[in-house]
């Protein structure tokens, strides 16, 4: 059950793909200090582009903001947009990094995808943008 | 990536709701012995019926088979059918138990749903059929 | 940051004490099956009635519903009502159980309070209503 | 229950915001040695500035003192001052660092905020002052 | 550093032995409900009666109160009274149980002592009063 | 109970303060190799200099010996000497490091004090002598 | 590398199936005492009878011997015999129990198979013989 | 039980040795970004070349792809080819690295083999190709 | 290094077998209360009677004393007597229980032996005397 | 029980001291690649040279081989030779490193000894040869 009131809540429109989703930002209150923000997102699922079967994983985002910070509710909906979208693990991780960089031009960013095993093998992907 | 060959695999048809999905069974090779079978399913997701937002959880099924055992691949697809289906945590857990009982008439069965927190509160539901 | 949209959200009115808060319920869909519902609430704080200093703890609620189930968002706000309220650990745990029983008349209920240490001693309280 | 005697204790005056609270210091007994002091504070709560709902987290402070050390009881009351104060996770962490630096001019300091998940996403912020 | 204010605090008089210490009680607010209270006390030390060397352990107290509850600050000082007192592990655990029973006449009580290893062997003692 | 025979053991004389205690050494058998020795001491207690109440912690000592190594039984008795001695966490850690350096002139040494929480805040201190 | 000397070791003849393998026994030295023996076998692999792909799991055997105990080296070779043998998880666990009972007629026995996940679902099977 | 349908699945041809197996690749979608891909393979078994007895271990592969990525299903079958093949732990780990390098010419690669104990000693081997 | 003073310590005479060792006892101070004493002994080694190779394990002893308690230093030396003694895991565990019962006639006793793996299989034995 | 057949096994001759034991080697198959080999040896025991009492620990060996690798069975027997040999923790660790270097002239080696506590203090020693 969600945080929204049962009476007043209207359904959040669900984006059909990452292209449709929008990562929103807010102004960084401390742009002069290089501090790290981490989003720990254990609720991620996408579809295997070959079989259409669901894949599950945990996405971790670390970044050093420049002028803009990522707003966490829009991040939740952005990640939700992969739910009915086919994508390989290696591509998903890089695509999230590309979209994050496009949205907020961080000084540094890293996306880690830890995917649950298929055929006895789990895949983990770590992609970085810029230098820490 | 799935276990199926990249070349020969055709997409598995995805059921749109639990009603459409089919729990398949095979004959119990040891019907005279009361032994316990457990399915540990950490990859479960459904939708909140109020907000349309995704919920995530882990489903654990323990049962003592009578004449029929649940086939695990059909179970995977059955659980997959909740992916775009709205249901409350309490109902999801009871519904899976109802469908399991209907499919294989077990001597005993228990379904446990451990759902991830919303608003700082995690919900766990444990429903049982018959006596162990 | 909360799940509510930054633009449209209005502040939830905060109850000043447990007496003002309201535990809401919904109809139990499976009243004939004795199944267990657990709420795991790691975000609890109250005030020491002697010193006015904050206490922190984790509240766990297990119950078997009869006709009515506890609605989880109202539970969140109910627990929030202890935030500026003075109460001893032993009383808090029993009071939550009393209010739960009053709200939904469960077949069985148990409230566990695990409070963080003061003076090197942590207190845990487990109170039960009815027989399982 | 607090460490203070039930009979003699008077209520500690609670600051209404971080601005009102005071981080007290004592003289560093070993100013020539660059040693690290860590405060591990698992009992932190503030309010979401948008919804008024409580947020919970753990604050960790590491620093190398220069002439002055932070007195731990005043730190406890300082952190307590966020209890009824609205602030975003990113700002809270940076603000604690600013106030720490103002209070004791450390050679180096780092504040880490590990906040509990909202909407399935947990946020962690790490802000540093000076070079170790 | 203790919770007491640096300026106003006077030293708590330290009892020289368990006989001198006093377990204080307060009235049980829910005497009709059989609920369990646990004190988790990881800070315990006594002396070996043979060698005078310190022993360390963790004391856990579980009890069901009748008319009176144990006040936790007096418990802290009571346990502190073993600090310069010689006693064997088996006796310490039983003695704490005897004193607890004398102080509050509980419906049921259990004291567990988990002592750190000497000569490669750790000793744990569990003593119970009454039936749960 | 200690390792010493119940019959023949005489009580070890207990030093009343760190100044009275003596860290003994033995010759380093491998002075040409820079190897690290660690003492892991989970049994440490001292008194709060303000309130007289006991504090508990774990002391970890890492060092690279030069000509002399610390004898572990004398270290045990040295740490025992803090038992009835008032000292702040920051000072205790630095004082142990000072005494270690005085006793064996190591090439490098580090003392870590991990103290149990007071008022919900745990303090950890790490002090180092020389460069590794 | 095995425990056997590199020079003198001859290859152990590998049974091609469980039928060919032999569980050897030795006389129980304490047949009058009902004590439990557990074999913890994390090194188990068999083949999927449908696809020929390897499955991996952990087999745990608990039993109360009557006149005969299972010799552990023959158990190792017996479990090794499943390596190139096709069998479902439910059958493997029951078959091991059948063979154990046949070999040593225990007063009680239980076999637990914990198999690694396929398609995101792990299967655990617990089969028991006799009453404890 | 495997992911393949019970009806349509044909047995995957099993390679008899690593030489017969084929590591397949696909084009790297982000060749300009140096990101890390990890395969976590807990299901590995080979034979001891001296005794013919099975060895078990966990293989972890980390690499930075250049133009080609390793396809995970072919990796599963490649690792499966060691099942009836005799090889020492040190050689197995280096051989997997050699074959990985040959198959996809990565910018950097590391293979870690964590093998279960024999004679009370577990062996771990870490081999690296190129510089990270 | 042992607890004994380097100067005054004479070597403890080491028993060559369990028969030579002596479990000493002291009077139970609370014979009317049925309380449990546990000895946790992670330092146990014996020899394999077939190969002469060392075996390692952890022995746990739980008992309810009648008139006499086991003295822990004599237990340490008793367990030490297995060091150069050949014995199977099943026998070792039962033999320790027999000797414990002979030494102190407890109301109830249980000995658990958890032995480290040989050939990939770990053996655990639990033997009990009397009823709890 | 050992891996050797009960019938054919002859007792392995046990060396009485490390000087008598022999670390055997085999040719490194990949001398041009600087890869790391780790031996994890949780089964180590020696005697205290002062009291004759047993000490227990875990030895970890990491090395980069040059032309020769250490054969693991001879390592097991070499470590076994400390069983009835008196040696201090600091010396044991350095001696094993000396013998390893003498036996296989590695490019780099490190020996770590983690010994169980005596008198409440555990000692860990880490000695290194060459530069990694």
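Observations on the structure shown:
Order of writing sets the labels: A, B, C, D, E, F, G, H, I and J. Residues in every chain begin at 1.
Please note the rule applied: a contact is a pair of C-beta atoms (placed from the backbone, for glycine too) under 8 Å apart; a residue touches a chain by one contact, two chains touch by 3 or more.
Since the model is a prediction, treat every value here as computed from it, not as a measurement.
Contact with chain C and chain F alike is made by D, E.
Minimum number of contact steps separating chain A from chain J: 2. Repeating the C-F interface, with the same residue numbers in over half of the contact pairs, is the pair B-D out of B-D, G-H or D-F.
Farthest from chain B in terms of Cα centroid separation is F. Looking at which positions face the partner, chain D and chain F present mostly different ones, since fewer than half of the interface numbers are shared. Centre to centre, using the average C-alpha position, chain C and chain H are separated by 51 Å.
One inter-chain figure worth recording: chain E and chain I are separated by 30 Å, centre to centre, where each centre is the mean of the chain's CA atoms.
In terms of their C-alpha centroids, the spacing between chain D and chain G amounts to 56 Å. Contact with two or more other chains is made by residues 1-4, 6, 42-43, 53, 56, 72-73, 76, 88, 116-120, 123 of chain J.
Interface residues of chain D, counted against chain F in their complex, comprise 3, 28-30, 33-43, 69, 72-73, 75-76.
Across the interface of their complex, chain B is touched by residues 53, 56, 116-120 of chain D.
Here chain C touches chain E in the complex through residues 53, 90-91, 93-94, 117-129, going by the rule given at the top. Against chain D, the residues of chain C that register as touching in their complex are 1-4, 6, 9, 11-12, 14, 42-43, 45, 48, 50-54, 56, 80, 83-84, 88-89, 116, 118-119, 123.
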